[in-house]
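One chain, chain A, appears in both complexes that follow, with chain B as partner in the first and chain C in the second.
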Partner chain A sequence: MDLSLLADPAILSELVFQGLVRGAMYALMGIGLSLIFGILGVVNFAHGEFFMLGTYAMYFVSALLGLPFLAGVAAAAIGLFVVGVVVERALIEPLRQRAGRDWLLDSFVLTIGLMVILQNLALLGFGSRRRGITTMVEGSVVFGNVTITYERLAILALAVIIVGLLAAYIKFTDTGKAIRATAQDPEAAQTLGIDIKRIYTVAFGIGAALAGAAGALLISIFPAFPTVGYQPVLKSFAVVILGGLGNIPGAIAGGFLLGIVEAYAIFFMSAGWQSVITPLIIILVLVFRPQGLFTAQGERP
Partner chain B sequence: MSVATSAASARGIVASTPARVLKVAVLLGLLILVPPFLDSPYLTTVFISALMFGLFGAIYDLMIGYAGLTNFGYAGFIAAGAYGSALASFHYGISPWLGLLIGGTCGALMGLFTGLITLRLRGLYLGLTTWFVAEAVRFTIANTPEYTRGVLGLAVDPFPSVLGIDFGRAKLLNYYYLLIVLGALIMLAMHFLVRSKVGLAFRAIREDQLATESLGLNATKYKLINFTVACFLTGVLGSFYAHYLGILSPTPEEFGVPRTVEILTVCYVGGRGTLWGSLFAGFLLVGFQEYFRELEAWRLVMYGALLIAVMLFAPKGLAGLKKYVW
Partner chain C sequence: MSLKVEGVVSGYTREVPILKGVDLIARDGLVTVIIGPNGAGKSTLLRTIYGYLHPSRGDVFHDGKSIKGLAPEHMLGEGIAYLLQGHSVFPRMSVEENLELGGWIFKRDRARLRRAFDEVYARFPRLKEHRRLNAGALSGGEQRMLEIARLTMTGPKTLLLDEPSVGLMPKLVDFVYEEIAKLKQDEFTIVVVDQNVKKSIEIADYVYVLNLGENSHHGPQHEFALRLEDIIREWL
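== the complex of A and B ==
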């Protein structure tokens, strides 16, 4: 490995840009995971399967029906919102009725069951063939000696818009305020007349919708197939640990950070080793800063 | 507790011990006698596989059911034992019999390391970290083909003959009896561990860690003991698995999340906090899987549905049925 390449401005900016695109996806996934954990206390292991359903939604809407790129993203987000609402009402709500102190573990195991079911239903319904869309947006732009495709710009821009819309929704709408109140103290929120059952359902739906949107946006990198969600879910857990569990701004920062670090790791190491790098980074974070890199309080979780 | 009730409970224990020994003896007798009676190599492999899953499930239960420790990278700990022993015999010609201990040590070291970095954190972090550690191990195996043969697959020698018993690849029944011996040792070790003072500490931590710590018990120490012992036993069984199977490859189905999910399902269906429940669940689920082989992916859908059903409707698993059966 030639170390002088590390400082080469063309490579540097190319890798940073690649990292931002990956990071945008990780951030979308991580925000969803963090939101679901922060509000419901559920560590959602089926998050990768929501991503996978998003890639299929994108493929069917945009490659088969020939509708534009944006319609695919919208279909994935809306479709997964509905899936999220159904899952919350049908499975997680009944478990909440009976679960006590083991809630964290029991709900985690429930989502593992859900993961197995969704993965294998996808295999039965769609087969194991990879269905991808190679280019969604044509053309590219050249800055100096760095070429950036419009597609990657579009992915990044859409991810930023989605995050912005979500932030505005949580900050300004009544439901958004109720979500924040529930995150802080569910019992106090209930006393104030907030229907927290509804908030749980909405939060789970939004989290699933974000994973679906991430899957739709990234279809040129991750084609649709039943187990496509595995790398994204591993990465999104990494992001959430980097940012601190339940910390949404932390998940955004963690997403971009992991994206850039990985873009570097992929460039400078043989392909297989990148799958070792991510877990190692997370293990180091857990050893030295278990509360996450972007959490202010010094208390250990 | 009044004198009368303690006398009654003492009588209960005395009365139940012979009954319990009898039950175990009958079941063990069935385990020993049924496969040679069936006389089918295929069914013997099914019995080996069922018993192995049951034992893995029981070890998993030692962690989750007795101390509330989640190991979501469990298959990676099996890989540590399997590869530890297989590589020792492949590169250095160490006997697979010694390999059982080497595998156990590899599992225990991986468990000790993971435990040391995570057990002071909340339970959730242990689950996530074991997952990351296991994936790092699995991909390291895949990325070092010059040493481990990676995804090409590592050929593993069978156990050499001992006391005149031949452990050639075709001697399935001998492997089956070896597994019964190993399994009996593992189950007895766990049985006495959970009934010892240390075992009481495990349960106390699981019930209420804060209260336990306020009584002066070092919860982290006991969790570390539990986790390391469980990982040692996992490594021993992993080593058996390697020499029985004859070829290892770091695929997800073999040593990744799907394998962990299978074992976790065995443990949950069997009933957490029982140890024995997992053995029954191993036979039930592996039998079910073999019987419905042609259903392919539907089988796994049912696995997932079963796991969810246990969570929602039968948190005690098969162990909850015990009072109706025997």
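== the complex of A and C ==
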């Protein structure tokens, strides 16, 4: 570790930017995971596979059909929304009807099973070859002595736009209000005439769409292959633990925080430490602040 | 009659029915109180009427129409509102958003929603004052006020109140019962289940006593005011 580099503002700001790009992906993944947990009480282990399907959607739309970058992101988000809706209606809903108090364990088994099935379907359908797109947006811009590629800027900007649109949707639309109400008190929401089964389905679809969009945006870093979701899903669990399970603003803050911490860790620490730093943070948070960094003590997020 | 329950058998599992054939009639514009010892099935009866539990036998009618088998989210559309046991405000949404969700089934009819807001704010000026606050920041009494206000946003005909005074301090119990009396003046048909037998009998027009999932006594309030102590002694 060369500590003299800590004093170099160019390196520090470069790392902050890298961290923000990583953080944008972690936030998108974490928000989806957190939304699904907050509304349905499901810990979605198949979240990484939704990311994986998003990378394939991007690859097919952008590299094979030659459509623009944005079309790939839209295709991934819409496609994964549909996948999420189908999974919720076909698998999760019937299980919820029957499970009762063993719901958490049942949902573990279900989503882990889904993870394995989706990985193997991808292997059968697309093979194990990595299908990437090296650059989607050409060029770069120089701020002082920091060089930033337009591609990274585009990833960050789109992620911020998606998070902003989602926040506005949840804050202002009728369905958004019903989603918040269902997260806070599903039984009360139901007595007011809200069809909470529909809310469960929509929330799961949105969570899957966010993972799909994250996969599409990051294809230049994570090429499409059947087990590409492994790293992103681990990171999104970390984000959700940092932010507090079910706490969406917490997931956004946790995502960017983890992204920046990792960018620094990768630069300043030796290779062996890089993969230790994230689990270490998670363990420290779980021991000292199990409710998450951004949730007040005792408050249900 | 507004609400009629006929020979309802119901419970959380098919093998162990909690209600073993219960009958009940709640007449229009009156307060019907259901009392009984713990485990008598009072709350189970309300939950069965509201569609949380489906009766394996018997039927439930509202305004002459069978509502058996309808899901809870369709009950408000049938003119029945349900006050859940315990806290049921959405704590991290504003007072205004809570009330807006109370009018969820009319969300496309903005004019009607506006009128409902005007009425509720006229009735509870405190809620209007605090309309931008998160419901979780209100005092316990104000939260109950909000729950009652939210219950009336769509102008339902019948109100089911499940333990409206449970866990409240005595001052708030009085407040809740004053509000129920006002709702009665507004000609709602009201069905109340409460542990507070004395208070609930005071506002009742008609009383049902359940015991072990079956009807035990019923009759107009004046008959019960005198026999109350005998009935409660039977439970012990």
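Please note the rule applied: the second predicted complex is superposed on the first by the 295 of 301 C-alpha atoms of A that agree within 3 Å, B and C clash if a C-alpha of one lies under 4 Å from a C-alpha of the other, contacts with A are read in each partner's own complex, and residues count from 1 in each chain.
Keep this in mind: contacts are C-beta pairs under 8 Å (C-beta built on N, C-alpha and C of every residue); 3 or more make two chains touch, one makes a residue touch a chain.
Keep in mind that this is a model prediction, so the values were computed, not measured.
**Q** Judging by the criteria at the top, classify the pair chain B and chain C on chain A as clash or fit.
**A** fit
**Q** Kindly classify A:282 by the partners it touches after superposition: chain B alone (first), chain C alone (second), both, or neither?
**A** So A:282 only meets chain B here.
**Q** Would you sort A:64 into first (chain B), second (chain C), both or neither based on which partner it touches?
**A** Neither partner.
**Q** Could you give the angle made at the Cα centre of chain A by the lines to the Cα centres of chain B and chain C, to the nearest 10°?
**A** An angle of 90 degrees, rounded.
**Q** Under the stated touch criterion, which partner chain does A:109 make contact with: chain B (first), chain C (second), both, or neither?
**A** In the superposition, A:109 touches chain B alone.
**Q** Look at A:94 in the shared chain and tell me whether it touches chain B only, chain C only, both, or neither; answer first, second, both or neither.
**A** first
**Q** Of chain B and chain C, which one touches more of chain A's residues?
**A** Of the two chains, more chain A residues are contacted by B.
**Q** Once chain A of both complexes is superposed, is A:273 in touch with chain B (first), chain C (second), both, or neither?
**A** Touch partner of A:273: chain B, not chain C.
**Q** Name the contact category of A:142: first (chain B only), second (chain C only), both, or neither.
**A** Touch status of A:142: no partner.
**Q** Is A:290 contacted by the first partner chain B, the second partner chain C, both or neither?
**A** Only chain B; A:290 stays clear of chain C.
**Q** Measuring by CA atoms in the overlay, how small does the chain B-chain C distance get, in Å?
**A** When the complexes share the chain A frame, the smallest chain B-chain C C-alpha distance is 17 Å.
**Q** Looking at chain A, which of its residues have contacts with both chain B and chain C?
**A** Of chain A, no residue contacts chain B in one complex and chain C in the other.
**Q** Touching residues of chain A toward chain C in the complex: what are they?
**A** Answer in residue numbers: 174, 177-178, 180-181, 184-185, 187-196.
**Q** Across the complex, what residues on chain B touch chain A?
**A** Checking each residue of chain B against chain A gives 64, 68, 70, 117-118, 120-125, 127-129, 131-133, 135-136, 139-140, 142-143, 252, 257, 261, 264, 268, 297-298, 300-301, 303-308, 311-312, 315.
**Q** Which stretch or stretches of chain C touch chain A in the complex?
**A** Against chain A, the touching part of chain C is residues 50, 71-77, 81-82, 84, 88-93, 97, 100-102, 104-105, 107, 150, 154.
**Q** Quick one: in the complex, what on chain A touches chain B?
**A** 43, 91, 94-95, 98, 102, 104-106, 108-110, 112-117, 119-121, 123-124, 230, 234, 237-238, 241, 245, 270, 272-273, 275-276, 278-280, 282-283, 286-287, 290, 300-301
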